[in-house]
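Below you'll find the structure I mean.
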Amino acid sequence: MSLTIGVDIGGTKIAGGVVDEKGHILKEARRDTPATDVAATERAIVDLVDELRADHDVATIGVGAAGWVNETRSVVYFAPNLAWRDEQLGEELAEACGLPVVIENDGNAAAWGEHRFGAGRGSQDLVCVTVGTGIGSGLVLGGALYRGGFGIAAECGHMQVVPGGIPCPCGNLGCWEQYASGRALVRNARTIASARPGDAQTLLELGDGTPEGITGLHVTQAAQDDDPAALAAFAEIGRWLGQGMADLVAVLDPTCIVIGGGVSEAGELLLEPARAAYEVAITGRGHRPFAELRLAEHTNDAGLIGAADLARL
Amino acid sequence: MSLTIGVDIGGTKIAGGVVDEKGHILKEARRDTPATDVAATERAIVDLVDELRADHDVATIGVGAAGWVNETRSVVYFAPNLAWRDEQLGEELAEACGLPVVIENDGNAAAWGEHRFGAGRGSQDLVCVTVGTGIGSGLVLGGALYRGGFGIAAECGHMQVVPGGIPCPCGNLGCWEQYASGRALVRNARTIASARPGDAQTLLELGDGTPEGITGLHVTQAAQDDDPAALAAFAEIGRWLGQGMADLVAVLDPTCIVIGGGVSEAGELLLEPARAAYEVAITGRGHRPFAELRLAEHTNDAGLIGAADLARL
Amino acid sequence: MSLTIGVDIGGTKIAGGVVDEKGHILKEARRDTPATDVAATERAIVDLVDELRADHDVATIGVGAAGWVNETRSVVYFAPNLAWRDEQLGEELAEACGLPVVIENDGNAAAWGEHRFGAGRGSQDLVCVTVGTGIGSGLVLGGALYRGGFGIAAECGHMQVVPGGIPCPCGNLGCWEQYASGRALVRNARTIASARPGDAQTLLELGDGTPEGITGLHVTQAAQDDDPAALAAFAEIGRWLGQGMADLVAVLDPTCIVIGGGVSEAGELLLEPARAAYEVAITGRGHRPFAELRLAEHTNDAGLIGAADLARL
Amino acid sequence: MSLTIGVDIGGTKIAGGVVDEKGHILKEARRDTPATDVAATERAIVDLVDELRADHDVATIGVGAAGWVNETRSVVYFAPNLAWRDEQLGEELAEACGLPVVIENDGNAAAWGEHRFGAGRGSQDLVCVTVGTGIGSGLVLGGALYRGGFGIAAECGHMQVVPGGIPCPCGNLGCWEQYASGRALVRNARTIASARPGDAQTLLELGDGTPEGITGLHVTQAAQDDDPAALAAFAEIGRWLGQGMADLVAVLDPTCIVIGGGVSEAGELLLEPARAAYEVAITGRGHRPFAELRLAEHTNDAGLIGAADLARL
C-alpha cells in the first residue's frame, strides 16, 4: 500500500501527516511556522518530514501552501502572508528530502481532500470554500483539480463583492474575503459591541471587557449563548458568504459547495445565514437545480490529506 | 470532409450555416425569431435547416440557444427572453429533421467557436464574454467546453457586481449584465444626455433629439465622433466590464479572455476603458501572469460556428 | 380661537380637517385622489374644503402635497406621482375657495405637525422621516421649518445610498427610498418568499399563496406572527432606514428624529432593526451626543395638522 | 473699527491673523502644530495671539479647530487628528489671553468666511465643502451658520457613500471623505500607477519612481501635464465629490456650493469631473433649480477669516 506525506503550511503552524490511499492519517506531527524566514520555514518542513518518515516508508511529499503556485506545481510565485516570492520551493525541498515533492495551493489541497475523502465525495464538480482568517478556495471540475491557465485559479476570496469596498492586502478594494472571513467576523463583532454594548454583554465578558479584546473564538462562544451582537456578526458574514457562493454558482454551476476552515466549526451559526442568503441570490432560482451546501468533514485536516493525495497523481 | 449545420437562435434572428471542419461557413441562411411562439420557432428552425441541407450533405445539427440547457444537451430548462420552459428542444428537432441534434447555450457555443477557429485559438483555458443586449459567456477549461454540474455554467453575466444594485430579469439585484452590456450603454448615454445635453449634441442629433430616442448604434457612432456623453457612456460600461473580467480571473485564471458580441464591434472604444479597469482590478497584479484580452474574430458568427463544431463532438 | 383647514393630498386619498391652534382636529373629511387629472384633483379639494367650512369659520387653508413646492409656497414644480408640472396650485385654490392658501410639501407638513403637536415637541432641531410607499421627510432647524434655497429641501429619500443601485422614478440610481420604504418591504418579502417558501408560510397564506400576491399589510401581519421571511424583510428595510438616518445625523446633527408614515405603524418591528443599524452607523459614536429616535404620534394626521398650522404662519 | 483675531488650527500648522470687519487680514503669523501635546498646542496659540496683538488692538479671538465643538462654542468634544477629548479649550485660552474666545469647527469657520467675504457672498443657503486630506464642511442656512442640535452639524464627510466601503478613522465604513479627498486622490493615483505604469510616466517621474512615492502635489502637477493616470485619479475623486454634493442638494437644497481646501487649488481638474457627476446625480434634474458650484475665493484663509468674523457675533 502506497503511503505519502501531506504537509499543510499555515500562517502559524506547519502540520504534516503520513497518509494512506484511503485518506487515513497514520501519523501526525506539527511545527511552528517561522513566517518571515524562508530558510527556517524550509528547515522546519524538512525536520517535520524526517520525523514522519522515521517509521513509515513514503513515496512522495505533497505540500499545501498559502500562496500562488505555478503550473508545474513547484514554484511559489507569491504568498501574501509568508516571505516567499518566486520561491523554488519544490526543487529545494525535493533535494533536501531526497523525495519527489509536489507543491499545491492550500485551498486547492483542501478541496481535493474533501472531494476524495470528505463531504465532496461523489461530486465531480465541486467548489470548496475554506473560511479562516481569510477565504481559501479550490475547484474540482469534471472530477479533476482545476488549477487554471497559470496555476492560480480559485482565488475566489479576491472576487470583488463591494465596489470601492474594504482594502485587501492583495491590493484591491472590496474583496470577498474582507466580508466573509474570520477577520470580518471579528471586525463586525467589535463594531457592534462598541456601538451597542448592551447587546454584547456575553461577548464582552469573554474577553477583557473592551471591543478591541474580542477574538473570533469569543464570537463563536457568545453566539452559542445567543449573544445578540455575536449572532449579528455571524449573520453579517453569513450573508456575504451566501452571496459569494451564489456568484460562484453563476460562473461554475457546481453540484456541491463544501464549506470548511476554522470559522466553519461554528456550524449552523454560520451555515444558516449563509444558506438563507445563498438561496435568495441564486440566479434563476426556481427554474434550475443548484449546488447543495455542505460542511466540510475534515475541517482541520483537509489540506494535509489533499496534499498527500495530490502527491500521488 | 464532414459537414455540420450550426444554428444560432437570437432574440430577433435565427442564423444558420453549413460549416466544415475548419470552421468555414459554406452556406448561410436566416429567419426572423417568432420569440413568443415555441412551435413557430421550431418550425422556423426546421425550415432553415431544410434550406441549408438542400445542396450539402450534413451529418448533425448544433443549435446555440439563449437559455439554460441541461447536462445531456437536449432540454432547455429556461430561456429568459424566449418562451421555453423545460422544452425538449433537442428531441423534437431531431425528430423533425431526421438528424442528430445537439443543443448548447449560445454563450458556450460562441466560446467554443472562438476557441477552435477564432481569437482563442491556442488557449486551453479561455473565457469568452459576449457583450450584446446582455452578457453571454462561455468557458473552455483544459481545452474542453466546461458546462458545469447541471449544464448551466458560465452564466457570468449574473454574478452580482453591485450589492443592492439594478434589478435583473433573472430575479436578482446588481447582476454584471446590468452594468456592462448594450442595455447599460444606452441607459448611461440617456442619463448623461438628459443631465448634460451640451455634452451630447452629436449623440442627440443622431436620434430624434431626445434622450429617449438614443439607441446603442447612436452611442457607438457618436463616440467615434468624440461626443463626450457617448465616450462617457462607453467608459462606464468599460469600467464594469474590466472589473467583472478581473473577478473571473480571480476564480478561473484563464490564459485568455475573448470579448465578442455586438457591442464589441466598437473596438477600442470599449476595449480601452475595459482594459484600464481590468489591469487595475487584477488580484495580486505585479506578482503574477494574467489573461490577455482579445477582441473576438467572429463577432457575429462565433455562436453558429461553435454550435456546428460542438455537434461533431 | 383661530381655525384653519389642513389638507393632505396622497396618491390615493385626499384627507382634510378643521384644526385649532392646539392641533386638535375638530372635523374631518376625505375624498379619493383622481391622480392623473389635475382639474379633477383641484375640484375634489374645493369640494372637501366646502364640506369642512360648512359649520366652522376658517381663516386660511394649508395644503400638503407630495411634490416640490417653490419658495413662495404656491407653485408645485413637480410631483412624481401626480400630474402636476409647474402648477399654480396655490393661486387656483385660493381663487376657487376665496381664502388664502399655502402649499407645502407633505413631508415638510408632517415634520411641522410632529414638531408642534407630536413626538417632536420640544426639539428645535428635528428631522421627520415619513416611511410610506416611498420616503418623505421634513426638517425643523432652529425651531423653524427649513425649506431650502429654492423650496425643495428635505428630499432625503433621494440621497444615494447604493452607488449604481435600484433605479428611482426621480431619474437616479440607488435612492434611499428604494431601500427603506414600504415598496422595499414588499420587494424584499416577495424575493425571500420566492427563494425560501418554507420561511414564508404565514406570509404566503395571508395572500393568494404566491410571492406576487404579498402586500405590505401582509408583511406586517406575518411579522407580528414571527414569520421568518416577514421579519427578514423588516430587518432589511430597518437596516437601511438606520443607515440613512445616521447619514442625516452626520449632515444635520438634530436632537431628535421622528419616524412616521404607514410603515411605522409596525412599531418595534421596524424600529428595532433601524435603531440597531443607526447606532452602529453614527459617525464618532462614543465621543458625542446624537439624536434620539421616536415614533411619530400622528402617524396618519401629521401632514394634515402640520399643513393647517403652517397656514397660520 | 473693530478688529478680531482669527486662528485656524490645522494638523501641521497654526495660522493666525488680525482681521477687520471687511474680512481683510491686517497681519498674519504662523506656528507649527505640536499635534499630540495639548498643553504645547495651547501655548503655541497663546504665543501666536501675543505676536498678533502686539501692534493691533483686538476685541475677541475666534478659533477654528478640526474637531467637534459643543453648542456653547467652547468645549472640543473630540478631534480625530489632535489630542483633544472634552477639552475646555475656550475657557483656557480666554484665561491665558485675557480676551473672550469663541471656538468653532474649522469647516464651519471656512463656510462662514466664504459666505461673508468670498465665493458665497449673497447666498443665504450655502454649503461649503473643504477638500483637503479629508473633507470638512459647513452650512450657512437662512443666512446664519447652522451648528446643529449638539453643535456637531456639517460632518458631511462622514455620510456613507459606499455601503461596506473603505474604513474611516471615525469608526465607520464607506465615508464620503474616503472617496473624495486628497487622501483618496493619492490612493487612486498609486493604484493606477502600480497597475498601468505606462499611463503614469510623468507622475512617477515627479517622485522617486515608485507608486508609493507619489504625493498629492505630484498628482496635481502631472494632471496639469495631461498624465493619464493623474487625470484618472482626479476623475475618480471628482465623480465622488459630485455625487456627494448632489446628496447634499437632496437634503438641503442650497443655492450655492463652495468648494475649497487644498485639493481645490487644482481648479478645473477637480471641478470638471465633479460638475459632470453632480449634474447627472441631482434628484429630479430637469424639473427644478439647483445649487451652483463655485470654487472658494479664500482657499487657504477662509477658516481664519471666518473664525475671526464669528468671534464678533
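The letters A, B, C and D name the chains in turn, as written, and every chain counts its residues from 1.
The criterion applied here is as follows: contacts are C-beta pairs under 8 Å (C-beta built on N, C-alpha and C of every residue); 3 or more make two chains touch, one makes a residue touch a chain.
Please read all numbers here as calculations on a predicted model, not as lab measurements.
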{"item": "Chain D and chain C - chains in contact with each", "value": "A, B"}
{"item": "Centroid comparison with chain A (C-alpha atoms), farthest chain", "value": "C"}
{"item": "Centre-to-centre distance between chain D and chain A (centres being mean Cα positions), rounded to whole Å", "value": "45"}
{"item": "Distance between chain centroids, defined by C-alpha means - chain B, chain D (Å)", "value": "48"}
{"item": "Multi-chain contact residues (two or more partners), chain B", "value": "162-164, 171, 191, 194, 281, 285-286"}
{"item": "Complex contacts: residues of chain A adjacent to chain B", "value": "68, 77-78, 80, 85, 123-125, 139, 141-142, 144, 146-163, 168, 170-172, 175, 243, 246-248, 250-256, 281, 283-291"}
{"item": "Complex contacts: residues of chain D adjacent to chain B", "value": "163-164, 191-192, 194-196, 199, 232, 276, 279-282, 285-286"}
{"item": "In the complex with chain C, residue positions of chain B that touch it", "value": "162-167, 171, 173-174, 179, 191, 194"}
